[in-house]
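First chain A sits with chain B, and in the next complex the same chain sits with chain C.
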Partner chain A sequence: MKNLKITSVLIILAMISGFNVSAQLTGLQIIEKVYNRPTGNDQSSNLTMTLINAQGKQRVRKLTQYLTDNGTLEKKIMFFTAPADVKGTSFMNWSYSNGKPDDQWIYLPALKKIKRISSDSKGDYFMGSDFTYDDLGDRHPSQDTHKLLREETVNGVKCYVVQSIPKDEDYMYSKTITWINKATFIGVKKEFYDEDGDLLKIMHVNSSKKINGIIVVTKITMQNKQKNHKTIMSLSNVKINSGIPETKFTERMMMRGI
Partner chain B sequence: MKKISIILIFSVFILTGQAQNADFSGFVRNYTGVLYKTGDLSILQNTFNLDVSKTGQKIGFKVNPMLYHYWSDSLDLRLREVYLDLYFKNFDVRVGKQQIVWGKADGVFITDVVSPLNLEEFLLPDFDEIRTGVEAVKLDYYIGNNTLEAIWIPQFTPTEAPKPGSIWYIQPHFPAPATFDWSKSSITPSLKNSEAFVKYTALTSAVDFEIMGGYTWDANPTMHVQKEFAVNLQTHQPYLAGLNITPEHHRLYLAGGSFSTQIAGFVLRGEGAYYNGKYFQTEDPTAVDALSQNDFLHYLLGLDFNIGKVKLSTQFVQETILNYNDLIVNPEFQNTMTFLARYDTQDDLLHFELFSYIGLTDTDALIRPKITYDFDDSFSILLGSNIFVGDRDGRFGQYQDNSMIYMKLKYSF
Partner chain C sequence: MSKILIKLLKSPWVIIGATIVITIMFFFVMKDNSRMETDLNKYMPAANPAFIYSDKAEQIFGIKDGIIVAVENQDGIFNTETLDTLKQLTKALQKMKQINKDDVTSLYTADNIVGGEDGLDVKRFYKRVPKTQAKLDTLRKNVRSNEMVYGRMVSENEKVAIVVAEIGDDVFSQEFYYEILDLAKRFQTDKIKIHVAGRPIVEGEMALLGPKDMKKMVPIVILVIALVLFLILRSVKSTLLTLGVVFFSTIWAFGLMALLKIPIYAVSTMIPVMLIAIGVAYSVHLYNHLQLFINQNPEATKNEAVVDMIKAMWKPVMMAAVTTAVGFISLLTSQVYPIKYFGLFTAFGVAVAWILSVIFIPAGIMAFGLPKRRQVKERNDNDSFLYKFADKVLKRKSLTIIITAVIVVLSIFGMQKIWINSSFLDKFEKDSDIVMTDKFINENFGGTTMLNLILDAGKNPDAFKNPKLLSLTDEMQKKVVKDLKVVGNSFSLADFIDRMNKVMHADNDKFNTIPDSKNMIAQYLLLYEMSGDPENLNKVVNYDYTKLNVTFQLKSDNSKAINSALAILKTYEKDFKKYGVTMNYAGSGYKGLVFTDLILEGQVMSLILSLLIVVLLLALMFKSFKAGLLGSVPIVITALISFGIMGFLNIPLNTTTALLSSIAVGIGIDYAVHFIEQYKNYAKETNHNMLLTAKKTMSNSGRAIIYNAIVVIVGFMVLLFSVFPPNRELGALVSLNMFTSFAGTLTILLVLLSITKMYSKKDKEKK
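Then we have the complex of A and B:
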């Protein structure tokens, strides 16, 4: 009887302590869990971006992308397949975990030349879409100050709501607010605020699926609320840990294509 | 008959491509230009560019004919590239007519000397059209992210200069009547007369660089001038009665390299080449054929950066004749700067660009503003101007009368 009482108390304590661990997660810890979520050693996919302007007119960009990440260096190469005037263009990015600025190269088939470009333009919009180059990359948690605002349910999904304010005052956003799935630590919604503190863009994750044990976001919509312009980004033919060789991320492949 | 032949050639390309499930792309373009000074048309050109290509695991090919139609209803078919690619584990081989581009410079040709230039419209065509293809065998051997490239060109192709009658042709002025002997102006294709180039390329996180060497021909012919003197019967003084000019291409050895690296958000680029034994015109009366043979250095430093959403690029270029003497006609130093500004807006539909060559030695310039609007992903309109200003003896100022406004309509597929 005494043992049963002790066991009951231990279970209750364990439950309480478990709840405390969950409740004690800070904004930074939540964002770190998002950042450190397993994404596989490599990934390949076909990406389609549909750009829709205020009048409903659509433009479509298509590319095939390959990515490899060894923990300290992430290499990414993109081959553009549509529209016709950018077909054959390729873009390669090497991103370093130690904070070194990215290395970026572009190959323009008309010029037949690989050109190193400045990675100082992360605020530029990618191919006329509503995604900046920075939106497409993994922003390191240490670059912002994070605060857990509240917990909220979005479309039936229990979420943490975390506010992130950049430490760099010149950053293109004054703050972002992210809704993060409590169970999977995948962002489901994100708001971007401009330098004046006004809402600029809202990103929604529309679908995701598990491939080789890794959850992959397969469809995202980014809506610019100030310009009434939106971009739908869809991934297809996603492969995880397929063993993409290092030779894929070279000058040879940039010039040769897919 | 010529039109029928061209249609047949295009049909063969299309059928061949379809048979191989090849990729088709290209464009149709109208290009109309008007001279500011006279209001005359400087150009009225329609272009059909077809690119048929296929890249397999072990083999690939590309056929790229371009058909130019001019206002005089003349047709000009050019095969920019026709080649086969063979892919191996560590090396690739490309055989056929191909355009080869080297170096890190923009709009300046220093180590980029493998494919000759078509200067029939000066430097105005797009840079992908200004280079002509060469018959070559190219071998690329890959060592990680480094490439060793070797090129053999069995047939020399010279620079295409503007022809008499063109607004870009500058009539040379001679101090006496000149006669030309063209017998040595072409190079017979042979093993002995072939060209060879080699280049090592490295692409690293710290710096990208190329080191190159070439055994080539001077793409521009050297003018061998022999003077004929006669005696004035009244003054009994000798005078220059005539010139016999023999254009001839000469061998050149060159070595050079280029680099680009990123420093604090700036991309720093450099390129240079040392030419051994280039010929220059001289006024030295004792010089054989009025020529001086000197080594020549051509180099550039460039910087790419952004200010806000505006992409900027500038380059300083210097051409130096080594062991110079004052009797050489060309200046010892020829300094040029280039400047590029580009701004994309309206969801990447509207593009503003300004590119300029600024001659520092002759105080002249070519200023090229243009605005492009993409109506959709396939159709664009470009409105631009080519403005030549400055010293009429300068490289750019000599074309002051050719300043123009132009429009290009382009449909890509």
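Then we have the complex of A and C:
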């Protein structure tokens, strides 16, 4: 009887504490859950990047990309397949988790030469799109101060709304606000505010797909509100954990092509 | 008509009261609703094809006018202090709420793409201000080897660096201008000087300075006119009533403008000038007649005197007013809205001045009594100066004709030298801050005036990845810069490709050219987008590579400079046509040029039109085509002399000076109308004694004309002391026009009337 009592108290306590854990999930904890969500060890896909300017004109670029991540080093190689005049152009990026600057290479088939690119700015826009390299990569949760603002339903999806303010005052954004799906911990929407605190960009996740048990975002739109410019990235033919060999990520492969 | 006017005399106070009430109403409407238009783009006819294209191109490429803030250090700019000033100044401008952050460029914001044997380095020139000599030297080396900044952002003597802040059309205001100047002053030290220039500054200054100066000068003009009026009319009452007419008509015109919600444009500030010059005339003629009547009939009551004045003068005053108003209404043919409005509201003001002259002045005389009889010596008519003058003129007809002919020929000769100038800068004093700063920046950099050439390949995507087209563009740019001293620099997609090609070949200068493979160009462009700021590319080429924006920097904004560049560019038209590429132009410098041409074209058209209408009206009024033709002679001569003198004195035609030809018509025709009308009446009165007719007309109408001319000439001479050169030109040319109109009427018109035997017995018998 006593045991039962204790057990039931423990159960109740556990339930209460359990409730407390989910109710008290902090902004940092939410962002950490997003950051630690499994993404697989490697991924390959066809990427279509559509840039739309203020006049509604489009530039469409198609690439095939391969990515591998061993936890400390993320390697990425991309081959342009369209438009025809840049076909065969390839780009490789090695990103280190220890804060060392990325290594980047570019191969121009018309020049038949590989060039290393060293750039001092991670804020550079990715291939003329509205995404910066930073927007595409995973930003470590410790770089920002996070705060859970509220919970909200967006398009029928229950979301956490988290505000993140960078610790580095010179960072290109003064803050970001992210809507995160409470069930899957996938970002649904994100707002980026510029140095003056004005809304700069809005990112929307348009679709995602479960592949090999891992949820992959397959279509994403970034809209620059100040320049009225938009980029849509969509992935097709996505393969996860297909065992891409390390040898894929070499200068030789860049020149050889897909 | 005269019956109504005479009836109105019975209730002078009602008329005076009504006039004042209406004026007060208009005054309050004006006070509450008047708005000065300072956005120069609002002056342009938006529907004109050249402007439509230019506006479209400006939108595609984000072509905006830039404010240039120059940082000067005589010891050179490559030291910590100056570089820090440059950085802080750039940041301060980026933070201003009227300026987009991305629209501010300087050495601090610029990317430096450098190529090595196996690498490509994309770096800012500096982010943290370099503090060691070694770092400063590296920066200097980087700047010198980058054609995209050397000579563009940093002067070649390395003593000046600039920050360019591009602003939208609607941003400039007086407060903004002062904010910028304040900002500049804050960064000034003993060693570092800051200069502010650029077209928005020039446009802004002009939009502010012209009307401001007018506001200061017009009261003085009115004061001087009042003084001279008093000396001539010898009566405070008459002077005040005359000024009242001019003053009320101006308020009514601006009140109506405000009522119709039409803003005040820069040209509208000339309306008071026009109304003063024209409105004074009606009263002077009325009073002149009145004075004559009183002198001849000392016993007459004020009623008799005023009735006589109305009976004798209502018709010529009306004819003068109608012809003048029509002259201004002809400006409605102009494509430029501010000019249309100028014509319309001046015509309205003229009509008001006329109505008030024949209603308000008689009412005033009835209410306040006749002016004092002038204490003149008993005139022996035959001895009077004007009698003698008429006599002399008629005795030496051929001399008058010869002199007129010589003047006409000389004027036509002088007119050949007239040139059109759309320059804004030339409107300022040569030693003004704004001109000196502009000169300083032009000496150190490519130029402050931008001419945008838009190469358009129609619907042929990727046209401008074609190496041949880019090479041709490159060649054209180099030729213009080499051949014309006034063109300091040029910039286009070709420069980017040149630079990328050089960078990808380890910074080897031999490769500072356009490669001959289309794929290579496409790949360079992709590489630039990946490594540089893609926004930079959007300023030189559109999204589907069908349009190219080639910018030329000119050291002068005057029409001669812009036209010299256009002339060379046009020689490439054929070459580009082979590729299906057409040439168009955009940007404020070009629009200014087109705008000025439009105004002048319209001005010439409306001048011819108004002349034709005036001849017809005169012919109708005098029921004689001959009278119409003769009446137009003083106007034509006035216009010719006006243009001729501008040619000789190297005064270019611009919007202000061109509008002055309207005044020639407006005033010249009044004089002729009065003169012919009186000539006709005296001919009847003297039973066609033509010599006596001439003498009497000269004595009566001639005197009024001389008085009128003196009042306005002296009044406008005041403008010669203006600080704003266009206002000085205005004063000089109005005075000149008044003088030639009156001289022409009293000499050649009289001679022609005499030669053609107008209103002589023979003339009468013929009919």
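Everything below uses one rule, namely that the second predicted complex is superposed on the first by the 241 of 258 C-alpha atoms of A that agree within 3 Å, B and C clash if a C-alpha of one lies under 4 Å from a C-alpha of the other, contacts with A are read in each partner's own complex, and residues count from 1 in each chain.
FYI, a contact is a pair of C-beta atoms (placed from the backbone, for glycine too) under 8 Å apart; a residue touches a chain by one contact, two chains touch by 3 or more.
Just so you know, these numbers come straight off a predicted model, no measurement behind them.
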Clash or fit, chain B versus chain C on superposed chain A: clash
Touching partner for A:Thr26 - first (chain B), second (chain C), both, neither: neither
Partner chain(s) touched by A:Gln55 [first = chain B, second = chain C, both, neither]: second
Touching partner for A:Ile106 - first (chain B), second (chain C), both, neither: second
Partner chain in contact with A:Asp194 - chain B first, chain C second, else both or neither: second
Touched partner set for A:Met127, first chain B, second chain C, both or neither: both
First (chain B), second (chain C), both or neither touched by A:Thr89: second
Clashing chain C stretch [against chain B; choices 490-498, 616-624, 706-714 or 742-750]: 490-498
Residues of chain A at both interfaces, chain B in one complex, chain C in the other: 53, 59, 83, 85, 110-111, 113-121, 124-125, 127-128, 227
Chain B contact footprint on chain A (complex, rising order): 51, 53, 59-60, 82-85, 87-88, 94, 96, 100-101, 103, 105, 110-121, 124-125, 127-128, 227, 229, 247, 250-252, 256-258
Footprint of chain A on chain B - complex, ascending: 25, 27, 55, 60, 87, 92, 99-101, 103-104, 126-128, 140, 142, 144-145, 147, 201, 203, 205, 208, 260-262, 265-267, 269, 304-306, 309, 311, 347-349, 376-378, 380, 412-413
Residue ranges of chain C touching chain A (in the complex, touch as defined): 59-60, 95, 100-102, 115, 118-124, 127, 462, 465, 504, 515, 517-520, 522-524, 526-527, 529-531, 533-534, 537-538, 542-544
Complex contact set, residues of chain A against chain C: 53, 55, 57-59, 80, 83, 85-86, 89, 91, 106, 108-111, 113-121, 124-128, 194-196, 226-227
